[in-house]
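So that you can tell them apart, the chains are marked A, B, C, D and E in the order they are listed, and the count of residues begins at 1 in each.
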Amino acid sequence: SRADSGDSGSAPASSGAPSAGKGPAAELRLGYFPNVTHTPALVGLEKGLFTKELGSTKLVPTKFNAGGEAVNALYGGSLDATFIGSGPSLNAYGKSDGKAVRLVAGTASRGAQLVVKPEINSEQDLVGKTVVTPQLGNTQDIALKKWLADKQLTDKVKVQNTENALALEEFKKGSVQAAWLPEPWSSRLVLEAGAKVLLDEKDLWPGGEFPTTVLIVSTTFLNDHPETVKGLLKGLVASVDYTKKDTAGAKTAVNAQLKALTGKELNAATIDRAFTNLSFTLDPYAALLPQLSKDAVTAKVAQKETDVKGFLDLRLLNEVLTGAGQSAVDAAGLDKK
Amino acid sequence: MPQLDQDTAEHKTAHGDGPSGAEVDGAIGGLDALDAPDAGPQRSRGRRIAAAVLPPIGAAVLFIAIWQAVWAAAWVPEHRLPSPLTIGEVFWGLVETGQVWELLWTSVHRAVIGFIIALAIATPLGLLLARVRIVRAAIGPLVSGLQSLPSVAWVPAAVIWFGLTDASIYMVVLLGAVPSIANGLVAGIDQIPPILPRVGKVMGAGSLANARHILLPAALPGYLAGMKQGWAFSWRSLMAAELIASSPELGDGLGQFLHNGMSLFDMPMVITGILLILVVGVGIELLVFAPLEKVTLNARGLRKS
Amino acid sequence: MPQLDQDTAEHKTAHGDGPSGAEVDGAIGGLDALDAPDAGPQRSRGRRIAAAVLPPIGAAVLFIAIWQAVWAAAWVPEHRLPSPLTIGEVFWGLVETGQVWELLWTSVHRAVIGFIIALAIATPLGLLLARVRIVRAAIGPLVSGLQSLPSVAWVPAAVIWFGLTDASIYMVVLLGAVPSIANGLVAGIDQIPPILPRVGKVMGAGSLANARHILLPAALPGYLAGMKQGWAFSWRSLMAAELIASSPELGDGLGQFLHNGMSLFDMPMVITGILLILVVGVGIELLVFAPLEKVTLNARGLRKS
Amino acid sequence: MAIALENAVQTEVAVRLEDLHKVFGTGRQAVTALDGIDLAVRPGEFVCLVGASGCGKTTLLNLIAGLEQPSSGRITLTTSRPAVMFQEHALMPWLTVHRNIELPLRLAGVGRAERAAKVEELLSLVRLEGTGRKRPHELSGGMRQRVALARSLASAVQGSADGKHALMLMDEPFSALDAITRDLLQAELLRVWRATGTAVVFVTHDVREAVRLGQRVVLLSSRPGRVVDEWDVDGLTGSDESAAVDTIGAKLREVISTHAAA
Amino acid sequence: MAIALENAVQTEVAVRLEDLHKVFGTGRQAVTALDGIDLAVRPGEFVCLVGASGCGKTTLLNLIAGLEQPSSGRITLTTSRPAVMFQEHALMPWLTVHRNIELPLRLAGVGRAERAAKVEELLSLVRLEGTGRKRPHELSGGMRQRVALARSLASAVQGSADGKHALMLMDEPFSALDAITRDLLQAELLRVWRATGTAVVFVTHDVREAVRLGQRVVLLSSRPGRVVDEWDVDGLTGSDESAAVDTIGAKLREVISTHAAA
């Protein structure tokens, strides 16, 4: 039978304040994606906001192309923290039986829309049509499938997973008629392919907010180097503040990063529209996480609900926020098992 | 006493007295089998089948045992290395729901069709490349270059031309497999002893008859090796092509299954996917290529039974 | 008048009177070159180089011309099929910023290192597979099966085991290239006329000397073909591996560049990426494999120079 | 006009070689295999070529067969495509004995039944009844040579079917056979030759064989290969025959020793 | 004890074959190549094997060389590893002539300078001076055979260096050579044989050659291969020699015709 000792290192330190750990880490390996939904990450990197707060700790930013590799890298210990979609973050927590990762802050919310061909005016018009989402089990995929289930359209609407750029191309050609996409792709479909918005996902959530991007940290790293994580969070707070204050500057910073990372920037109209649909906040909207986890089951991308209790660890974030004179965010009781 | 000396060559065998010396040597001697002459008298049918089936099964059992041991030792957490049992369960789940047949059918029939088309294109292409100097000079390096293009590179082009249809998938598969098979054939033809095409020529064989009666059969061993590699390319390209999109029209194949496992960070799903792909690969090798190879080589007296 | 008849074989050649009959035939006759005997007297150095360089350049020019024509006809919208000029501009941009050298260097040096390691592993593996019956029976089909596993399947495992390091990338490359090279060597060895190892044996060559002096050189043509395919595999696997992540440590390679183009559906970038990859593929073929092949075949009298 | 003229001159010639040169390789490595060969073979004539090992006999046959291009000089054939028996057996390793012999017949489009009958006949002619289903690698050296002989005879018979003069080129066809089998096959070859009126160019290193079989014996010198002498040996018997053998042998010895000395 | 006893008996024997059987294939396809061969070769003895094409001579050599396993029976060698010259030339196509001949010396670990000297010596022995840098495909059939001869001589010289009796197995080594070259090389072979005291088992289809070279001629019958007769032909000359040739030839003819009739 299987010995259980191996995982002790990653046992949650849920009681008491995070202990002093092993002092600041030598380096922090931070994952992120070249997407506008990761704006605070991109701005923080572009403006050097993380480095400033991390002091002697060397920041190693790592750009990922897919969530899978980022989570595997976290699992494998070659990544310490990453910005990631809320859906995959839950998955990363659940698949490691609640051991590998902790959510330490929100980053962005909202910013996903169901955009359709102009002739589609209601959900009933979607019957027999194809709707695209970016990837099986990602945030928008779950949202669409949950929504379809609610409207009892599950078997009447075809769901196709394709990369965002391909979705745009297919939409232009008319081989797909609708897409549930995150920014900036919903904006690009509207602006470049004449799509119209049938539904903004924020309308489905009470208060109009839901987590889109969050910051997760490897549990081991959190236990060993709380100061470093705190530094990272300070940088993130600064970056979110900056983004809110100087939207134009943030847009420039994002485009600069995108240009460097992918060789292409977003055009002004797209980034403007994307920014209006997104909101950048440190609140992970913890209260909604259990619902998201339920939705995954409803959407049939997970067999069983992930128990999200213990997933959050917002103490460091709240320390930073209160220290900066801002209001603390609520963990909705999910910071305890 | 020279005959006590190591160098003294003494071969002793008697008809039907159990395993012949050469065989036992082969099993024990490892590398020494490099020099073992063909085993003497014929072995029984049962023993021959056993000799073919036991070693791979032994290898598989050994592999699973090591895996189980590593897992039990819990060096790595469960979510990184699931136990063989977990995989077994996932697999069994696929079998129970019948999904496994759908996955296999979707991918295998596509790969087979793609491969056959590739063969039909690559064979004349390979013949031209091998025998017409100007064709070789003009596009030979290009064909080799194409081989090294990753299949995903063709995905955008395929989608633009053919949309999200099977045609796109076949295009990606063909671009993977054709250069490989053609190159294999070229290599095979290059190695033909020059006397054989000359024999064809003096017998008055025209270009086509020469290709049909001399070049292709003479190049067969190399051609088969190229086909094997071509099959690998088409199967791998298919896996890449199946990632283009998952949609009800296209149906789910193994590539999609693997990809879904990776998007959901579901290691058991990923490993099951890998094993399924491997099973297909090994199965095709054992059922198609190994027998073909054996027949080809035996007919030419190139391999000891 | 029998000599006016088609069948009358009449060969007429005079020393140094311009292009020999065989050559002209070869250029005009297309498929008939299948039967053309080797061109008579030696050609000048300049003409030989021209014969090597002109056809591929001609093919490239033809290709670009067709492309430009299709683009000019505007059958497909610009964003799906950019003009050759646009590509030229993107490419020039890469050259001006020096980025192209970084991309090429990162990918090519990784591929070369990976390939060399693969060669070092695959050669003994191939020898064992080819000559030790039990090894072949046990893991032969597995090696062929591994070949058909898409590289991306290894990515999760590689990332978990080796993290975001070059080691991960090399693991993916090795798993792609080793089975292919080993299989090529096995195919090469299987085709060795059995008399040659026997000659080695009667000369008292031990296992290693036999491998070194007889098997490897005798299998060289087939081995080279396997190496070529192995290179294609390692290059393709590298493209898959480079998608894992990009960080300052890992650097950006061609795979990453291509992926960026694809995730934006930016056709000029995609096509530039494809062309760069192709250039490397064709370059390696022309600079490494083609000369090696030529030497190997010529030494054996297998190809008319 | 030139053609018509040539035609008139050549009606008596099956193969005409004029000032034939063949050089292998280039520069310092060049080997002059043939250096100005002039030779004419009449239709139905049996010519034996003898010469030292490496003097260019095989090269000459290859040139006649059109398998190599002469460096200079001119070859004219008025016959149908020659049947060739190579010095190496050159059997297709993937075909059974039966199918190897059948191959020229298949290529000529002969029907299945006729092919089978022909192959059986040829197999018994070369004393290999019952080995039709074996592969070349299961045969002894001499057996392979006999299969190659049977194949070239099949090819010859086929070639001569189109009404033109036929031609056979044979390169040491009996070298791997024991004396008795060789005697038998020599007799068979002569029988086939007489029956079909095929011209034969026959390379051998056995002067006795050359004299026994040939109507004319041509001696090549080596390095460079030239025709040094010819003997008419048609119909010689008894002591005439052995005298011819001795003469030719002596000349051969002389040619070789000059070469060795040079 | 058995070993010691055998030892005493065998000191006079280089090769001993006892009731040797060799069957190729199984079931209905089986070919009995050798059917109870008993033969002993003394150290330093020159034995010639003759027999019809396909009677099993090559098979017998392969068994002695350890390249095939007998179906039953027993082979005992008291010599060092035999040097073998195959019926096919079996040259390594990727090696130059020089390197082909050098190969056995390299494998035996002979130093570079010594190897080069030895190869030059052997090349001139087989009258191929100056062809060292050519590849096998650039040679004529007879030249290839001579290279193979030189290589087997290199191997023999090497094999005998360890103080034991040496053994050479030669399978029709002169079959592709013209009469003159053959005479020269026969003389060279005899010289080497006398100088080194090597036992030789020599397969040939030329009875004259067998009588000229051998001390003993062994005649194999074909299908199944058995020893039908042996002749002591040591030191025969003149008319004795041609008488022996005639006797053996007649017997060979008789054996072959019985077979053909059966």
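Please note the rule applied: contacts are C-beta pairs under 8 Å (C-beta built on N, C-alpha and C of every residue); 3 or more make two chains touch, one makes a residue touch a chain.
In UniProt terms, the chains line up like this: B, C = NitT/TauT family transport system permease protein; D, E = NitT/TauT family transport system ATP-binding protein.
All values reported here derive from a predicted model rather than from experimental measurement.
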**Report entry** Count of contact steps on the shortest path from subunit D to subunit E
**Finding:** 1
Query raised in the report: What is the chain whose Cα centre is as far as it gets from that of subunit E?
Result: A
Query raised in the report: Relative to subunit D, which chain has the most distant C-alpha mean position?
Result: A
Report summary line: Whole-Å distance, C-alpha centre of subunit C to that of subunit D, is 43
Report task. Would you mind pulling out the distance in Å between where the CA atoms of subunit B average out and where those of subunit C do? Result -> 19
Query raised in the report: Which residues does subunit C have that touch at least 2 chains other than itself?
Result: 155-156, 160, 201, 259, 261-262, 265, 301
Query - Two or more partner chains touched - positions in subunit E - result: 66-67, 81, 88, 137-138
**Report entry** subunit A residues counted as touching two or more neighbouring chains
**Finding:** 66, 68, 72, 75-76, 166, 169
Requested in this report: Would you tell me which residues of subunit C are touching subunit A in their complex?
Outcome: 155-156, 159-165, 243-250, 257, 259-266, 269
Query raised in the report: How about subunit E: which of its residues touch subunit D in the complex?
Result: 24-25, 31, 50-55, 57-58, 87-88, 127, 138-143, 146, 171-172, 175-182, 205-207, 249, 252-253, 256-257, 260
Report summary line: Listed in rising order, subunit A residues that touch subunit B in their complex are 1-7, 10, 66-68, 71-72, 75-76, 88, 91-92, 95-97, 99-100, 130, 135-138, 158-162, 166, 169-170, 173, 175, 301-302
Query - Touching residues on subunit C, where the partner in the complex is subunit E - result: 195-196, 198-205, 209, 213-214, 217-218, 220, 296, 299-301
Query - Interfacial residue positions of subunit B with respect to subunit C in the complex - result: 26-27, 30-35, 51-52, 54-56, 58-59, 76, 80, 128, 131-134, 137-142, 144-153, 155-157, 160, 180, 183-184, 187, 190-194, 201, 206-207, 210-211, 221-222, 224-226, 228-229, 231-233, 235-236, 239-240, 243, 255, 258, 262, 267, 270, 273-274, 277-282, 284-286, 289-290, 293, 297, 301-303
